[in-house]
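Following this line, the structures themselves.
There are two complexes below, and they share subunit A, which is joined by subunit B in the first and by subunit C in the second.
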Partner chain A sequence: MKQLSIGIVGAAASVLAATVSFAQQPPVKIGLILPYSGQFADTATQMDNAIKLYVKQHGDSAGGRKIEIIRKDSGGIAPDVAKRLAQELVVRDKVDVLTGLVLTPNALAIADVSAEAKKFTVIMNAATSIITTKSPYMARVSVTTPMLNESLGSWAAKAGGTKRVFSMVSDFGPGIDAEEGFMRAYKEAGGQIVGSVRFPVANPDFAAFVQRAKDSNPDGIFAWVPGGVQPAAIGKALNERGIDPKKMKVMGQDALASDEALASQGDLALGIITVANYDHNLANKLNRAFVAAYSADYKRNPDFFSIGGWDGMHLIYEVLKKTGGKTDGEAMIGAAKGMKWDSPRGPMSIDPETRDVIEDVYIRRVEKVAGKLVNVEFDTIRSVKDPVKARMK
Partner chain B sequence: MASESESGAAFSPRNFLASRTRWHALEIVFWLSTLLPFVLVPDYLQLASQIAIAALFAISLDLILGFAGIVSIGHAAYFGLGAYTAGIVSKYGVSEPVLLLVLAAIVSGTLGYVSSFIISRFRHLALIMITLGICLMLYEVANLTSWLTGGADGLQGIKIGPLLGTFKFDLYGKTAYAYALVVLFLCFLVCRRLIHSPFGLSLRGIRENPVRMPAIGAPSDAHIRKIYTIAAVIAGMAGAVLAQTTSTVSLEVLGFQRSADVLVMLILGGAGKLYGGILGSIVYMVARDQFSGINPQYWYFWIGLMMVLVVMYLPNGLLGGLEKLTRRWRGKS
Partner chain C sequence: MLGSMAGILFDGFAYGMLLFLLSVGLSVTLGMMNFINLSHASFGMLGGYVTVTLMQQLGWPFLATLPAAFVISALVGMVMERFMFRRMYRATDLDQTLLTIGVVFMSIAGAAYIWGTVQQPVVMPDYLSGSFLVGGVNIARYRLFLIVVALVITLLMIGGLEWTRFGAQIRAAVDNQRMARGLGLDVDRTFSLTFSLGSGLAGLGGALAIAMVGLDPGFAFAYLIYVLIVVSVGGLASIWGSFVAASLLGICDMAGKYYVPQLGSFLIYLMMVGILMWRPVGLFGKR
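Presenting the complex of A and B:
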């Protein structure tokens, strides 16, 4: 044992000597906390793919320092685990940056660690508004739920030309947030909510709810369901009750018309209007290059989780360049505030006041292009800020 | 049982129970060694604290499953209720951890007592449905009352003060581990005393034959109600300690996964042995931490393999296997 430890010390000393002689700084360690296992595993994969792609394209050093990523699995929604992992990353692995964070409860839990240890933290997905208020060292590169739904709400009343909307959402956190955001903005913009329902999250039968919507004679329907099989199910229920998205405006957040939903719904989905901050069909040069490189490496299209991972890495790299490799929390968040860049999703920046993302939000319609169902953006709302934080002031 | 013949001619119930309560040298070594993480792995203390919490939860399940034969796959109901109680009350100015712990114990114990009247009427498969049902109902209540619990986003604004007014919960998890360990040890002492009492013996009788026990004058139903309430109290305390040491509570404390995990830990370690739950949670949590560190994506494969192997070759859990080994070793020497 003693000999072994002498050996280790010797090896460590020689490594140290080697690094010192090259006059190089130690690597910047990034703790990446994602739900690699469990029901959200696929989102972690999409995000991690983009992170790997970013490192592949931009090299593994920034600001004169090597980048080292330490990956940790938080499982699904498990704030206690996420918090412990963040603590361990800080005290044991001595990371300089915390990032990842797909799920809101997990992101909220590690905010304490970020604040106490003064670590620069980049939220790559979690979309509840309040998260970034919990630590002064936190920045977000994804989107917030109100940014999307309030944008859609005011768009629906103004440019969308609807007067009477019926709202139907899943009865749990994100669904209720979406409903509140949409209704608030829709009413503020002069629209009328003619009725609303919340249906159970698990396996609801949409027929009765759709009938209620139809009975209240709206000229638009706002729908929010979790991704997976439900968007297709609600699409079919609408069709069975004679509601055609081509005639009546059926509106929702991006998951309502995700690639999987379109594939299982087929032509019934034509005309569905959704709001999103990213889609792989966005027609700009950066995005085309990003999608091409991504699908070449991973045989699938990137989604909004991927773009969160991509821009999160971009922010970390750019901040390191700006601080010249300095990694203390103050310096890094200082450099992040107000940072602007062009992303595959369009122009974006970090709000210097709230450290939250500012970006364009797209209104898209499901159309058939070259025989394939795709989301085509036809309206853009520029430089959207998180409306909840604007009201907090 | 084997020890009955060991005590020989002077056998009496009193002697039998007294012989059971005597502290074995190995037990003392074990409890002393729980202090080692402070010195040996000071940057794993947060994990150690969560192991201690899992162990406490497993002991609570052991009381009903291992000793009284009450099958439960919804034990997280009491764990989660304790966690939410500690978290919610802390928002309203009560921040002393020990006081919150007591409150959580009372609230969980109350629910345990109320539901024990249903539990004591059923056995086996029916119990699986009932325990699961209670847990699911509580989960949905917590989901629905998001004004109180924070719903799917998790409880916000938890304020846990320093322990006993002096020890702050730190990033390294020193306070967290010390606190969780003390709670675990004290609860363990109570449980140990309990199962080596006449009451504990009659519980084992109920486990073996619930119909015969009333026939010899032991009220099965009352005993089941008692032990179920005690188990609920301990599970609630485990939940409260988790809420306090992590300052987080989310719906997942009431989730099916948590009920299933604790069952796995208990079976892994060996049910009906008190130490089985502790050993199981140490092995399970450490394995989880290490496997997921090596491969964050596919580590569940190894956990699954470990579970299958243990159940195939060590039907009484790791502790059962160890006992068998020592017995064989003693037999030879």
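Presenting the complex of A and C:
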């Protein structure tokens, strides 16, 4: 009897101790830096929606610790602001993880903070190759621009069957990366670039550039513009010049055929070919469930920003589970290396050497399915790694 | 070669007319009333959202939404003039700038709150999309439509200001307020109507522009710089000046981008600097 009661007391005490230690564990603080205002505000909306959805579905604790998200607005391309916000998050708010980061300049700016404060950092979108080399505590769950555009370049020359391509890109970092990636792979695969042009980032009218493209008589056009209002504008300019994507191959990266661009262009967009690491139209079970839950809550479809937010949260949660709630930078990045999971976008993993993402890349075409314009993937390139880092070795 | 040059001229002129339609309202409020109205492009954005909402939610045809964009922007302009801008007519340029730039920020946040940060779909009817060939020159239907609308508005504005009673009242009230009051003109009412005319024109310009440039809450800032360039190069208080400046800038910008794309968007600023150094009051400016 006595033994039994001691046993009960002991059990009660250990339960109590466990609750106490759980209660005493401070929450894991996540500093989320996104451009909530300004030109890129919509990217933050889409990404944050997915983050909220992830927390809603998976609860607000992981690895035995509560999760607390602190949101900061970097307001567009502003590396100085992003760096200041990251410093404040680390020093004042004592965050354990830095994440978000839609834009490359902002991601590069906070790399120092990540490296010096030894904070686990998850890049949810920014897609320039070198970012993850700037801090040993960084991992990326989105994609890199060369992964997409080099895949597209070799596809265009081989399976795509084009011989002469004209390239037109926005004249800033990501656009130039895309141009270089596409051209390199296209030429390596035996294609010829018949002309190229870089237009200003803020460019209301594409007529002159499209005319130049047409005059060089290509059999394919590669166009890269940032998301937002420009994909539809360039689509309409192509149509005005009588360039029909059903006859001439018009190729680009995901944003060129975003839902909004398709809605503005209507049937003119039929036939546009894009390369992407995610689309809400992907036909796997996880994605169907994700898209259904997302559109129920937010009345729109998720896009590649959303999937970045979703998988970024997934990585943070899984890392915390693996470390048992330990949050020092070494432990967290160690747990992240080599982690594999099934995402709505397909199978993906974190490369243990580069801490960058490895995933499938899809080639899609705009088609009409059941009266709606959607991107239908017709070719998949499996387990693509960032080609730039592969060459760095 | 000649064909492509004619094509550049046509496209450039149409682009100029787009700039003109966006800025003609500003040559009324800033140019004639001398009010530093940086919120001009916000009214353009409002017109754009009116058009998109009527088309998407209520299924109106595009052409029918254009008068609505004008009227609603004009009414909002009138209300804001009555309660806010009227108090600032005598304020310094800096105060006017600060007030109207504040309105721009609020309009961006307001648009993001109501319509979301997403860009709006702008689907044109078939008869306004695509193009046809005339003597080897590619004529885009929507560009032709923009040119026609811009010419009609130019004629209406110049004729209306010159030959109607209301036009004469506006000119009187703007040129010499005290004298106009002394002659028994209701200057407050005239100013209120003039401001709402400018806002309405901004709304119409916005509604016409979105088919080419798209629409999201960033619109209020993205096109502010272009409309300011057009009005300052054309000269304040001159509708004709805005028209000439917009055509010139449009054609040069288009030609520059076609023949020397490396210059990019730099050319339009270079022209502005050059013209303003030669004529600080603008091409047709008087003061």
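In the analysis below, the second predicted complex is superposed on the first by the 366 of 393 C-alpha atoms of A that agree within 3 Å, B and C clash if a C-alpha of one lies under 4 Å from a C-alpha of the other, contacts with A are read in each partner's own complex, and residues count from 1 in each chain.
As a working rule, a contact is a pair of C-beta atoms (placed from the backbone, for glycine too) under 8 Å apart; a residue touches a chain by one contact, two chains touch by 3 or more.
Values in this document were obtained by computation on a predicted structure and should not be read as measured data.
Aligning the two structures on subunit A places subunit B and subunit C side by side, free of any clash. Contacts of A:41 after superposition on the shared chain: both subunit B and subunit C are touched. Judged by the touch definition given at the top, the superposed model places A:276 against neither subunit B nor subunit C. Once chain A of one complex is fitted onto chain A of the other, the partner contacts of A:223 are absent, as it touches neither subunit B nor subunit C. In the superposed pair of complexes, A:260 makes contact with subunit C only, with no contact to subunit B. Legend: residue contacts after superposition of the two complexes on their common chain; A:79 is shown touching subunit B, with no touch to subunit C. Superposed on chain A, the gap between subunit B and subunit C at their nearest CA atoms measures out to 6 angstrom in whole units. Shared contact residues of subunit A with subunit B and subunit C: 37, 41, 44-45.
Subunit C meets subunit A in the complex at residues 4, 7-8, 11, 15, 18, 108-109, 112, 116-123, 129-131, 138, 140, 142-143, 211-218, 222-223, 226, 253-255, 257-258, 261, 264-265.
By the touch rule above, subunit A contacts subunit B in their complex via residues 34, 36-37, 41, 44-45, 71-73, 76-80, 83-84, 87-88, 90-92, 104-105, 108-109, 112-113, 116-117, 128, 130, 172-174, 176.
Of all residues in subunit A, those touching subunit C in their complex are 37-39, 41-42, 44-45, 171, 197-200, 202-205, 207-209, 211-212, 215, 228-230, 232-233, 236, 239-242, 260, 263-264, 266, 268, 300. Listing the residues of subunit B that touch subunit A in their complex gives 43-44, 46-47, 50, 143, 146, 151-154, 156, 171-173, 242, 246-252, 257, 292-293, 296-300.
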